[in-house]
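Shared between the two complexes below is chain A, which has chain B as its partner in the first and chain C in the second.
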Partner chain A sequence: MALSAEQSSRLAGLLTRHEEQVTQRWTEAIAGSMRGRLSQAELRRQVQDLHRGMIVASEQGVIDLDSEQASELRAVLSELSRGRARQGFSATETAVSVFALKDVLLDLMEDQSDGGALRDYVAFAALVDQMGLFTFESYVRTRESLIADQAEQLLELSTPVVKLWEGVVAVPLVGTLDSARAQVVMERLLQTLVDTGSPYAIIDITGVPAVDTQVAQHILKTVVAARLMGADCIISGIRPQIAQTIVALGIEFGDIATKASLADALRHVLRLSGVETGRRQHRREA
Partner chain B sequence: MTTGVDLGQPQAQAIRSDEDVVRVRQLVRTVAVAVKLSLVDQTKVVTAASELARNTLVYGGGGTVEVSTADNGRRKGVRIVFADTGPGIADLDLALTDGYTTGGGLGLGLSGARRLVDEFDIRTAVGEGTRITVTKWSR
Partner chain C sequence: MERVPILKIGDILLVSIQTDMSDQTAVQLQEDLAERIVATGCHGVIIDITALDIVDSFVGRMLSTIASISKVLDAETVVVGMRPAVAITLVELGLSLNGIRTALNVERGMELIAAARADEHDLAFDDQADADTTASS
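Our next item is the complex of A and B:
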C-alpha cells in the first residue's frame, strides 16, 4: 500500500515534531533485542541516521520505498544491514531494528482516535514493512558476498605450490578440481616454475576424490603448459580405483609420467636429475 | 555433507550450476556407500554421475537428477536418472563415439560414463530433451 502525498507530509511532521521521543524509544526498542552487543551510542547514531533518512524521504513526498525520493533512505538501510551482517547479527535481529519503528509510531498516534489516524498508521506501517524487507534483502546480499569472498580465500589457500627439492616443485591437489581452481593451480604452478627455475613439477592428486574427464583435461592442459615452459610434469597419487576409472573412461595420459605415490614421483625425478637416492646408496653399501 | 539422507526414498536434486554437480557426486557417493559398492565401483559410479551431470548442465542447459537404490532380488545397486529439456541429441551414435565433442571437452564423457556403469539407457529427441538412466550393481 502506497502513501499519499498528504500522508507522507503528515509522517514527516510526526517524525520532526517528536524527534527526541522517536529516537529515544526506537533506540530502546532495538537495544532490547540486541542484548548489549552494540553500544548505546552506536545504536543511537544509527537510529538518528534512519530517522533523518525518513524525514528527508517523507518531506519529499515519498510514496513507497522504490521511489526516487527514498534513495537516501535506501542507502541508510543498506548501510545498516551491511554493518549488522558483518558484525554477525542474524537477519531477524537486523530486520527487527526497522520493525521496532512501528511500535514507536503506534505510541505517538494512539491519542488520535479518528479514522484518518488509523488509515495513516496502516500506510506508515506498510512503508516500515517495505523498509524491513529491504533490510532483509541487503542483509542476504551482504552475507552472500561474504561467502563468495571466503570461497575465494579458500581457493587461494587450498592450492599451495611447494618446493620439494632443489629443482622440484609439487602441487598437492585436494578436493574438487573445477575450472576456477584449475586456473588458479595452473597460474601458480607456472609462476613458481619461473620463480624457482625448476625443471620438474609433480602434480599430486591423492586428495582428489574422483577424476572425471573435466579434471583430467585440466591436468593435461596444465602439463602441456608446463612443458611449453621447458618443465617436465609427473602426476602422482593415482590410487587403484582412480586408475581403473581412468582406463574405463578412456582417458589417455600419453607419455606423461604417472606414479602411485608422491614418494615414487620424487624418487623418479631425483633419478632423472642425477641425485643419488637413499635406496640406491643403501644397495651399493650392501 | 549428505548425512541424514533417507535412502528409502529417491533423492532428487536440481542441476543448475557447477556446485550442483559437486552435490550430485556427494549424493551418489552416499548412496553407493550405503548399498555397499566396492571402492572401485563407488569411484566408477561417482565419476559416471559427474560426467552425466555436467552434460546435463552444459549441453542440456540444466535439469534434474534422481538417485535411488535398486534391488533385483540378488544384488543391490544405485540407479541414477538424469533428465533435461534441452535441445536433445541429434546423432546418438556420433555422440557416443570416443573423442567426439561439440563443447571442447575430451569427448569421452558420455561414452566413458557408459563403460563405467552396468546398465545405461538413453532416450533423447531433438528439441525435447534427454533422459539417461544408469545403474551400477554391487558385486
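Our next item is the complex of A and C:
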C-alpha cells in the first residue's frame, strides 16, 4: 500500500509539529530493546537523523520507499543497519528500531478522532514496514560481506609453508579443510616446492579436527600432484581418533608414507635424503 | 618443421621442450632420441617441460612412449620441471603419468639418474661377489 500525496504531506506535518515528542518517545522505545548497549545520546542522534530523513522524504511527496525522493531516507536507514550489524546487534533489534515508530505514530494519532485518521495510520504503518524490511535487508547484506571478508582473511593467514630442513618443507594444516582451502594449500605447497627446489614435503594434519573422505581426497590429490612434479610427500600428525576414522571410512593412502608425529616424519625424510642424524651416528660408532 | 634439440651432457641426454608439440614433432623427437641413445650409449634421458603451460593426454602419452623406448634401450627417463598448475590439472583430469619418473629440476633429475645407475652397479658387483663366493666354496 503506497502513500498518496496528501497522506505524505500530512505525515510530514505530523512529524514536524510533534518533532520533540516523536524523537523523545522513539528513542525511549528503542532504548528499551537495546538494554543499554548504546548510549542515549548516540540513539538520540540516530533517531534525529531518521526523523529528518522521513520529513525530507515525505515533504517531497514520497509514495514508495523505492522511489527517487526517498534516496536520502534509504541512505540513513542503510547507515543505521550497517552500524548495528558491525556492533553485533541482532536482526530483530535492528528492525525494532524502525518499527518502534509505529507506536509513536499511534500515540500521536489517537487524539484525532475523524475517520481519515485510521486510513492514514494504515498507510503510514505500511511505509514503516517497508522501511523495516529495507533495514533488515541492509543488515543481512552487511553481515554477509563481513563473513566473506573474514573467510578471505582466514584463507590468507592459515596456510603457511615452512622450511624444516635443507630440501624439506612442511605445511601445518590447522582447521577444517574445505575445497577452497585445499586448493590454496595445494597451490602454495607446489609453488614452494618449485621455488625452493625441495624434493620432500611433509603435510602435518595435527590441527585438522576431522578427516572425512573429502578431506582425504584433497590431501591425496596434493600428494599425487607433488609426485608428478618429482617431490615426495609424507603425511604426519595423524591422531588416534583420526586413524580410526580413516580405517572405518576405508580410505586408502596406498604407498604414501604416513607418520604419527612431525618429528617421525622429519626423521624419515632425513634418512631418505641421506642426512646423518645423531642417533644413527652413535649406533654406527658403537 | 620444428625439431626439438637433444643435448648431450656427460652420460645424459637432455631434451628441453620449448613449444607446443604437434604429432609430427613428437614422432620426430622419438626417432631422434632413439638414434641418439644408441649412437652415444647414454644411460639417462632428461625431458625438461618447464616451458609447457599445458600437458594434455597427447603430451602425456608422448612422454610415456619416450620413457618406454628409452627403457628398451637401457636408458632411464626423468621428466623434470613440471609446473604446479600443470600438476594440478593432471591430477584433476585423473591422468597419472604411469611409469615416468619425475624430478623438480634438471639438477635433481641428474642426481636421480646417477643414483639409479649407482644402484645398478652395486647390484652387478653383488652378483659378481656372490658368484665368487659360490665358486670358492
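Criterion: the second predicted complex is superposed on the first by the 173 of 286 C-alpha atoms of A that agree within 3 Å, B and C clash if a C-alpha of one lies under 4 Å from a C-alpha of the other, contacts with A are read in each partner's own complex, and residues count from 1 in each chain.
Going forward, contacts are C-beta pairs under 8 Å (C-beta built on N, C-alpha and C of every residue); 3 or more make two chains touch, one makes a residue touch a chain.
If you're wondering where the values come from, they're calculated on a predicted model, not measured in any experiment.
S.K.: State whether A:145 touches chain B only (first), chain C only (second), both chains, or neither.
M.R.: neither
S.K.: Given the touch rule stated above, what does A:231 touch, chain B (first), chain C (second), both, or neither?
M.R.: Second partner only, chain C.
S.K.: Quick one: classify A:92 as touching chain B (first), chain C (second), both or neither.
M.R.: Neither partner.
S.K.: Have a look at where A:221 lands relative to chain B and chain C in the superposition and call it first, second, both or neither.
M.R.: second
S.K.: In the overlaid three-chain picture, which partner chain does A:186 touch, first (chain B) or second (chain C), both, or neither?
M.R.: In the superposed model, A:186 contacts chain C only, not chain B.
S.K.: Once the structures are superposed on A, label A:194 by its partner contacts, choosing first (chain B), second (chain C), both or neither.
M.R.: Only chain C; A:194 stays clear of chain B.
S.K.: Go through the superposed model and pick first if A:178 touches only chain B, second if only chain C, both, or neither.
M.R.: first
S.K.: Just checking: does A:212 make contact with chain B only, chain C only, both, or neither of them? Give me first, second, both or neither.
M.R.: So A:212 only meets chain B here.
S.K.: What does chain A use to touch chain B in their complex?
M.R.: So the residues of chain A touching chain B come out as 176, 178-179, 209-214, 216-217, 240-242, 244-245, 248-251.
S.K.: Give the list of chain A residues in touch with chain C in this complex.
M.R.: Counting only chain A, the residues touching chain C are 186-187, 190-191, 193-194, 197-199, 221, 224-231.
S.K.: Okay, in this complex, where on chain B does chain A touch?
M.R.: Touching chain A: residues 18, 22, 25, 29, 39-40, 42-44, 46-47, 50-51, 54, 98, 105-106, 108-109, 111-113, 115-116 of chain B.
S.K.: Quick one: which bits of chain C touch chain A in the complex? Just the residue numbers, please.
M.R.: It comes out as residues 78-80, 82-84, 86-88, 90-92, 96-97, 101-105, 107-109, 112.
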